[in-house]
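Labels run A, B, C, D and E following the written order; every chain starts at residue 1.
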Amino acid sequence: MTEGGVADPGEAFAVQLRDVWLRLGREVILRGVTLDVPAGQGVTLLGENGAGKTTLLRLLSAGLRPTRGEGRVLGFDLRDSRGVRDAIHLMPVDGGLYPDLTAAENLAFALRMHAQAGDVPGALRRVGLEGAAQRRARFLSAGMRKRLALARAHLLARPLTLVDEPFANLDDAGRALVQELLLELRGQGCSLMIAAHEPALAQVVAPRTLRLAGGLLREEGGA
Amino acid sequence: MTEGGVADPGEAFAVQLRDVWLRLGREVILRGVTLDVPAGQGVTLLGENGAGKTTLLRLLSAGLRPTRGEGRVLGFDLRDSRGVRDAIHLMPVDGGLYPDLTAAENLAFALRMHAQAGDVPGALRRVGLEGAAQRRARFLSAGMRKRLALARAHLLARPLTLVDEPFANLDDAGRALVQELLLELRGQGCSLMIAAHEPALAQVVAPRTLRLAGGLLREEGGA
Amino acid sequence: MRQALTVAAKDLRVAGRTRDTLLATAFFAGIVLLVLGFALSGGVVSRDARLTAPLAAGAIWTALALAAAVGAQRAFAQEQEAGALEQLLAYPGPHGALYLGKLLGVLPPLLLVAAVTVPTGLVLFGASEAVTAAGRALPWAALALTTALGVLGFAAATTFYGSITVNLRAREALLPALAFPILVPAVLATVQATRLLLEGGWSPEVTTWLTFLTAFDLGTIILATLLFPAAVEG
Amino acid sequence: MRQALTVAAKDLRVAGRTRDTLLATAFFAGIVLLVLGFALSGGVVSRDARLTAPLAAGAIWTALALAAAVGAQRAFAQEQEAGALEQLLAYPGPHGALYLGKLLGVLPPLLLVAAVTVPTGLVLFGASEAVTAAGRALPWAALALTTALGVLGFAAATTFYGSITVNLRAREALLPALAFPILVPAVLATVQATRLLLEGGWSPEVTTWLTFLTAFDLGTIILATLLFPAAVEG
Amino acid sequence: MKRDVTTTVLGAASLLGLAVVLGLSLTSPLDVNQGSLVRLMFVHVPEAWLSYLAYGGTGLFGLLYLIQRRRHWDRLAMASGEIGLLFTLATIVGGMLWAKPTWGTYWVWDARLTTTALSLVVYGGYLLIRSLIDDPERRARVSAVVGIVGTLYVPVNYMAVEWWRGVHQTQTLKLLGGVRWDAAPIYLPTLLLSVASFTLLYFFLLRLRGTLAAREEAREERELTGVTGRVEVARG
C-alpha cells in the first residue's frame, strides 16, 4: 500500500483501494483502481454496461478477491473477509432473496443473521408491501422484489451499504422511495456506494460521482 | 364475446381481449380486461409495481390461461396455445437466456427453434456484444444480458412482440438502441406491446398508452 | 421433430462442450459400482454364475438407473435456472417435441456411460469369468441390445418424471409418487433379461423380457409425449 | 451457533413448504431399493439371515448414501437460485456456522427418508422374516441408533461437498462422485453394524463399529467446519 | 528460461536407477510358485508406493497453499495429483494383469483392491474439479480442500479395511503372499532399489510438471493483462 494511508484510524475511511486489479475468467475487469471514500460519504458509480460496476461492488463486499493490489473497507483488509462482512451490506441487482420464503420471512432472516432487531412489518409498510408480507418472494413482481431488497438494506443499515441499480424496475413512487430511504441511511452516518444508470436520481443521494471505464475509475464533475 | 369482434379476419387485430379475469394463487390480478390492438400498432403498458403488467404479457404469450373471459392473439384463441406461440415472442425481464450457452449460441438456438434464419454475428454487433459472443450468458453483466435478449427479439421479429421492461439495467446508449431496434421492428409491421416504467422512452416507439390499475386497463392521454 | 433435434443438440452442446456431464456421470456410475461391489459381495468371490449373475445385474442396473435419474434431473434443472424453462415452453410447435428433445439429449451420454459400465461391471463382479468358466461365450450382442433397450426405458421414464417435478407446486407433491411406479416394469425387465443372459445365454424367456421391454419403451415414450404438454403447461 | 440455527430453521421452513428435497431424496432411495430388490430376489432367494443380512444392509445403505448426496445438493442448489448463496456468504460471522446450519437443515428430511427406507429394505430383502424365523425379535432400537449415526455421517460429508460443487457444471453427478470415496468407511461401518445386528443382535463387535462410526461423524464435522470457509470464500 | 540443473540431475538419476533395476530383475532367479511373473513385483510395488507418495504430496501442497496462498504450491499439488492418478492407474492395470495368471481372475472384492480403485476416483475427482473451475484462485483453494480431505481419508479407508478384516476373519486372498517373501529374500535389494528409483522419478516428474505449469500460467497472465512489465515472474 502506498504512503501508508491507513495509519490513522481516526481519519476514518469507508473504502480505500490501492491499484487493485481483478481478473475474472479470461477477462481483466479492473486494471488498477485506486479510491478513497471518507466515512459517511455517498458515491455514485457510473459506467457503461459491462464496465465492471457490479464487479467492483462484489469486490468491496469481499465476494471476490483482488487479483493484485490492496484495499481496506472500514479499516479491515479486503482479504480479511470476516471483518469486511461485518461492516457491509450489498443490495444486488436481482435482490438475492429466497424465492420460497415470504417477504416478511426474508427480512426476519436477514435481521437474525445480523443479530439485529428491527420492525419488519413497519419496514414492509414503508416500501408499500404490507399487502404482500405473506407472499413468497417467487411470486412478487420485479419491482416488488426490488422494494423488498430495499427494505432489507434500510433495516440493516450497515456502516457501508453498497447498492446495485436501485432504480431499475421501479415505478416513479418507488424511485422516490429509494431516494428517501437511502438519504435516511446517510443521515444515520452510513456510507453509500450506488451503481446506477440514472445519474440524476442517484446524485441526489450520493453527490460524489465516479465513472468506471476501461477498468479504471475516474472522478466526474464536481465532487 | 361481445359483438363478435373477430368476425372479419381482414380487419386484423393483433390482440383482442374480452372481459378477461385472471387469478394467481389467492390474488386476482386482472379484473375484466378488455382490449383491442390493431395489427402493427405499438402499445405502451404502464402501471405501478405489482399492477399486473408482466402477468398480462404472460397471458398474451399463452404462458398463463385466463380464469374467465376470452381473447385472441392474431386471430388465434388464447386457449389454442400452439397457434399463439407461433405468432408471438416475449422478451422477459430477466432475459430467459441459457446461462451455460454463449451469447451466440443463445441466439442461434432461438432462431432454430423458430425455424428461422438470421445473421447472428450481425445481431450481436448491432447491440455491442461482438466482443462477448463467445462468453457464456452466466458471465454477462445485467445490461449485457438485456442487450442479448433485445438482439434475440429483433432477430426473431415475430408479428406480435411483447417486451417487458426493456430499458431497465441499460446505460444511455443501450436505451437509445432499444428504441432504434424496436422502431425497426414496427417498421417491419410487427405489433409491439411494451411494459415499462419510462413512459417517455417507450412512447417514442409505441405511442398508444394504456395504464393497468386495480386489475383494469385504461386508455391514457391521446392514443 | 426439428425442434426435438434442436433442443437435443442444445443440451448436448451444453453437455458436450464442457464434457463435464459425461465425465461426472461416468464417475458416478463407476463409484456406484464400486460401493455396491464392496457392500454386497463382502469379499466373497464366486465362480458360480447363479451367484454372480444377480449381483452383477443388480449393481449394473442400479448404477445405470441412477445415472439416468441424475441425467434427467439435470436436463430440467438446467432449464429451470434463470427462467429459461418458461421461454422454452413459449417457442412455437408442439410441446411433445420438447420432451423428445430432452430425451434425445439425455440418451447419448447415458449410452456412452452404459458402454463403459456394463463391461466393467461384468468384469468386476466376476460374471464374465463365471460365464466363460461355464464354457460359454459372453452374449455380447444380446447384452448390448438389452442395455440399449433398458437405458432407453430408464431415460424415457426418468425424463418424464423430471418434467413433472421441475415445476412442482407443493399442492401437486403427490404426482411424483404416482409416477414412480412407472419405473417398476422397466427395472424388472432389464434386470431379469441381464440375469438370464448371464446365467444361461439367450433363451425364449429372454426374448419375452426384451419384447416386453420394447413395448414398455414405446409405450412410455408415446404416453410421455402425449402427457408432457399437460404436465408443463402454464 | 445462533447463525447455524437460523440457517437450519430457514432451510426446514423451505423444505416443509416446497417438499422438493424430500421428494427427490425419496426418489433416489426408492430407485436403489427397487432395482436391487428385483435383481437380488430373482436369484437365490433365501430365508437364511446369513445370506439376506449382507444384501439388505448393502442395499439400504447405498440407497441412503445416495439420498444424502441428493439432499445436500438440493440444499445448496436452493441457495444458488436467485443469487441467494452469494448473499448468504456475505452475512457476518464465521462461515463454519453456515456449514453447521446447512447440515442441521439437511438432516431432518434425511432421517425421515431413512425411517421409511430401513424398514422397507428389511422387509423387501426378507431380512426381517429371516430374523423372526430364527426366533429373535428385530433389534429396532439398535437399528435406529445405527441409522441415526450413519445418516449423520453421510449428511456431514455430502453437505461439505455440496458447498464445493454447487457452482460447478454437472454438479448433480459430481457431488456423489466426490463424496462417496470419503463415505466408504462410514458405509462400511454401517453395513457391518446392520449386518451383525440382523444376524445376531447386539454384540461387542457392534459396539466397536458404532464407536468407529461416531468417531467418523465427529471427525468429519470438525474437519468440514474448519475447511468450509476455504471452500466457499470469494 | 534457463536450464534447470536439479531437474536434469533428478531425471538422469532416476533413469539410471530404473535401468539398473531392469538389469537386476532380468537376471534374478525365477520364483518357485510364480516363475518369471514374480518380476512384475519390481514394478507393481514401487508403482503403488509412488502413487501413495504423490497423494501425500497433493495433500501437503494443498495445505501449504491454504496457509501461504502461493500459487507455486497449487501447481505442485496439481502436478502431484496427475502423477498420482497415472501411477494408480498403472498399479491397477498392472495388478489386474498379474492377478489373472496368479489368482485366475482379474478382480476380487478384496479390501486393498477396492481402496486402490477408490483412490483412483478420488484423484480423478480432484482433477475433474480442477478442470471445472476457471478462476485460478478459486480453483487453487477448492482443489486444495478436496486434496486435503482426499489424502486424509486414504489412511482412514485403509485402516477401516484392515480393521474389518481383523475383526471378521474371512478367508480371502491376501496380497502379501508370505510364502514368496520367505522363499526369496534375494528379491529384497532389487525391490528396495526399485522403490528408491521410483521415488526419484516422482520428484523428477513433479519438478518437470510444475515448471511446465508455471510457464503456461505466466504466458497466459501475460496475454491477459497485456502489460508485460508488471507481470510477477511466476516461480517454478
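Descriptive notes on the structure:
Everything below uses one rule, namely that a residue touches a chain if its C-beta (ideal position, glycine included) is under 8 Å from a C-beta of that chain, and two chains touch if they have at least 3 such contacts.
Owing to the predicted nature of the structure, the values given are computational and were not obtained by experimental measurement.
Chains that touch both chain C and chain E are the following: D. When chain pairs are compared by contacting C-beta pairs, C-D ranks highest.
Taking the mean of the C-alpha atoms as each chain's centre, chain A and chain B sit 31 Å apart. Inter-chain centre distance (chain C to chain D, centres taken as mean C-alpha positions): 23 Å. Once the centre of each chain is set as its mean CA position, chain A and chain D turn out to be 39 Å apart.
Our note on geometry: chain B versus chain D, Cα centroid distance of 47 Å, whole angstroms.
Residue positions of chain B touching 2 or more other chains, listed in rising order: 94, 100. Residue positions of chain C touching 2 or more other chains, listed in rising order: 18, 20, 23-24, 27, 30-31, 34, 38, 42, 81.
The multi-chain contact residues of chain E, meaning those touching 2 or more other chains, are 118, 121, 125, 128, 132. Contacting chain pairs (ordered by label): A-B, A-D, A-E, B-C, C-D, C-E, D-E. Residues of chain E that touch chain A in their complex: 134-135, 137, 224-226. Of all the residues in chain A, the ones that touch chain E in their complex are 21, 23-28, 31, 65, 67. Here chain D touches chain E in the complex through residues 160, 164-165, 168-170, 174, 177-178, 180-182, 184-185, 188-189, 192, 205, 208, 212, 216, 223, 227, 230-231, 233, going by the rule given at the top.
Across the interface of their complex, chain D is touched by residues 15, 18, 20-21, 23-25, 27-28, 30-32, 34-36, 38-40, 42, 50-51, 53-55, 57-59, 61-62, 65-67, 69-71, 73-74, 77, 81, 161, 165, 168, 170, 173, 176-177, 180, 183-184, 187-188, 191-192, 195 of chain C. Against chain B, the residues of chain C that register as touching in their complex are 2-3, 6-7, 10, 13-14, 18, 78, 81-84, 86-87, 89-94, 233-234.
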